[in-house]
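Structures incoming, each one as structure tokens.
Next come two complexes, and both contain chain A; in the first it sits with chain B, in the second with chain C.
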Partner chain A sequence: MSKTIKIILASLAGVIAVAAIVWFFVLPSLAPYNFHGQVIQSNQAAPSIELDGPDGSTVRLSDYEGKVVVLYFGYTYCPDVCPITLSKLDRAMDIIGDKAEDVQVIMVSVDPERDTPEILEEYMAHFNPSFIGVTGDTNTIDRIATTYGVYYEAAEGSDATGYLVNHTATVMIVDKDGYLKLVLPFEGTAEEMAADLNHFLR
Partner chain B sequence: MNSRKLIWGLGVVGALLVLGVMAFAIFEPIQVLPRIRLSPGYLLADQQGESFTSEDVRGDIVLYTFRYSGCEEACDGLDQTMLDVRDRFGEVDLGDTDFRLVTISFDPETDTTEVLTAEADKFGADGLQWRFATGEEQHLANVVKAGFRVWYEEQDDGSYAFDPTLILVDGWGVIRGEYEYQTLKSDSDKIIHHLDILAEEIRNATGAAGLAYEAAHLFLCYP
Partner chain C sequence: MRIRALFAAVLAFGLLAGACSSSGSDDIVVDDPWGRSSPMAANNGAFYMTIEGSDVDDRLVSAYASVCGTTELHQTIVTDGVMRMQQAEGGIEIPAGGEAVLAPGGYHVMCIDKDIEFKVGDVIPVTLTFEESEMQTVDAEIREG
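Showing the complex of A and B:
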């Protein structure tokens, strides 16, 4: 084999090696993170929240600046969607481990008539002791739910459940600076939620 | 000698990558509409008296307007823009995504189901692709003023002062365009152009192309 061919082959091998490094290691780190929901890039802070929390406290979204807030709109009589979502969020907390200390899960009740702060406290603790539920008067709940893109309405239930409340079942993530950054669909898994939370906790 | 060549080679690759990123940011080969904020959730009643909620149009692209039936000359431009967009949206390749028009009345006392039906008939709105809707007064204030951030106020003579506005929302319920009606130039050209941009993003939402579109959001490649 002539020296020229050897040089050409060595150069080709070098180019392929560099291309492989760029393709497998450099490009993935440059590519934007692929979230599992809809990213919001608003330069406006998330709509304010001021509602009744556990033990007679007033819970404000601004109280959690420096933490990632996971917002969910549901209710304690919810037969399926809410417990499934809250269980997935509990599992996501397990996955992210110690970082869960920098996350606050808040469920805003869309059934303020039945969900008192006490009932919410007991209900949320059932899923995870760090989760909190908040409620308020009907107009305040309507304003907050509306501005977070959440619709809800009372629907017929059974004797056992009482009336039901149909509602938007998305999960929202507010970053440490108070900006609404991500809307996750109900179908998302605990692993996907944890991965997205990890991104905001970096 | 060899290590020097390797450093040079990596330097060239790095420089090419930086140049590529810069070119993407400067020349904007892909354009996207900004994700402005969440569109409000709502529970309204349409011109047929049927319940109409924000969940009913999830997955669809929606163009919203806000008015009241007593609005006359003040709404001419707004109405014409809606009609133009209704007649022209077929120019855009929307793929499997549906496009809807929704007109929300902020005067529920006057705009009963019968009045909304008459309004819809006037514009040839079929009740599916173009819906007229209204709701309870306080909820409307939460939806229109707090959610869509469109100002309106009842006047002493019963008329309304308001900002004539059109709002474009994607299937995820995210506001992607806000248009305050221009009296000198119709907004319909701009809205059709924006629909085209949005439809292209939806068609390319997955795989490598999806990453390129996310990069376009990152670099604020807005029209």
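Showing the complex of A and C:
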């Protein structure tokens, strides 16, 4: 093999190696991360929340600065959608592992009339011991729901169910600095939630 | 000899016909009935299953479980991110040769005012009443979900 051919082959191998590194390592890290929900870009901190939590405590959103907060609006009488979402969030916590310590899941009750702090405490702990539920008077809940763009409305049920509550079933993520960053749809999977949470936990 | 063969053929035909009519082409088959684990603090629970239709159009008209104060058939509808739950008026359709799927986020048997905690691994009998087919009791296994 002549020297020239050797040089050409060596250069070719070099070019291929560089291209491979760019293709497999550099480009993916430059590509923007694709979230699994609606990204919120606001220069305002997430609206404040101050409600009744477990054991007579007052829970404020600002108590969790430094943690990623997952907010969900639901109620304990809800037999289908709310447990589905809370179970998914529990699986997402499993997936992210130790980093779950830096996440706080909070369910704001949209049924303050029936959801007492005691009921919420037991209900939330069933899904994950770290999850908490908060409630308060109807006016405060109304105001918080409105500021978060959450719709809820008591709807007529049967004599047995009593009223049911139609409500926005999305999951919201507030970052460590207290900014509302992402709204995830009800249909999202635990894996997608975990991936998005991981992004905020980096 | 010929008579014996004829007799055998008639017998075989009879057995076959009998097998066909009793093999349950008329019967509804309920697959994988289950319920979601839920604490005492949760007033309500839900059961899910897949119901395979018979050879006639049918309907699940009601359900009963002794651990539930009342049992209703409900449907969850999520539109534009808003969740609504409504009673399945007139029951849940089970088309002939088709199936009715009761699954999270859709149709479900709603157990209202349940008396017990639904623990993973528990088995809860649920009696289903159909418009056409005979009543059936199935064992719903409690799972996480």
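As a working rule, the second predicted complex is superposed on the first by the 179 of 202 C-alpha atoms of A that agree within 3 Å, B and C clash if a C-alpha of one lies under 4 Å from a C-alpha of the other, contacts with A are read in each partner's own complex, and residues count from 1 in each chain.
Rule of thumb we're sticking to: a contact is a pair of C-beta atoms (placed from the backbone, for glycine too) under 8 Å apart; a residue touches a chain by one contact, two chains touch by 3 or more.
Being a predicted model, the structure only gives us computed values, none of them experimental.
Peer 1: A:Ile119 contacts which: chain B (first), chain C (second), both, neither?
Peer 2: The second partner, chain C, only.
Peer 1: After lining up the shared chain so the two structures overlap, which partner does A:Val18 touch, if you call chain B first and chain C second: first, second, both or neither?
Peer 2: first
Peer 1: Which holds for A:Thr76: it touches chain B only (first), chain C only (second), both, or neither?
Peer 2: In the superposed model, A:Thr76 contacts chain C only, not chain B.
Peer 1: A:Thr168 contacts which: chain B (first), chain C (second), both, neither?
Peer 2: It touches chain B and chain C both.
Peer 1: Check whether A:Thr146 is in contact with chain B, with chain C, with both or with neither, and answer first, second, both or neither.
Peer 2: first
Peer 1: A:Lys181 in the overlay: touching chain B, chain C, both, or neither? Say first, second, both or neither.
Peer 2: It touches nothing on chain B or chain C.
Peer 1: Tell me the contact category for A:Ala160 with respect to chain B and chain C: first, second, both or neither.
Peer 2: second
Peer 1: Using the superposition on A, tell me which residues of chain A are in contact with chain B and, in the other complex, with chain C.
Peer 2: Comparing the two interfaces on chain A, one with chain B and one with chain C, the shared residues are 151, 168.
Peer 1: Quick one: in the complex, what on chain A touches chain B?
Peer 2: Those residues of chain A that touch chain B are 14, 18, 22, 26, 30-32, 34, 38-42, 44, 47, 139, 142-143, 145-153, 168, 180, 183.
Peer 1: Touching chain C in the complex: which residues of chain A?
Peer 2: 76-81, 83-84, 87, 114, 118-123, 125-126, 151, 155, 157-158, 160-161, 164, 166-170, 185-187
Peer 1: Could you pull out which chain B residues touch chain A in their complex?
Peer 2: 9-10, 13, 17, 21, 34-43, 51, 53-55, 138-139, 142-143, 146-147, 172-174, 210-211, 214-215, 217-218
Peer 1: Please name which positions on chain C make contact with chain A in the complex.
Peer 2: 36-46, 69-70, 72, 74, 76, 78, 81-87, 104-105, 108, 110-113, 144-145
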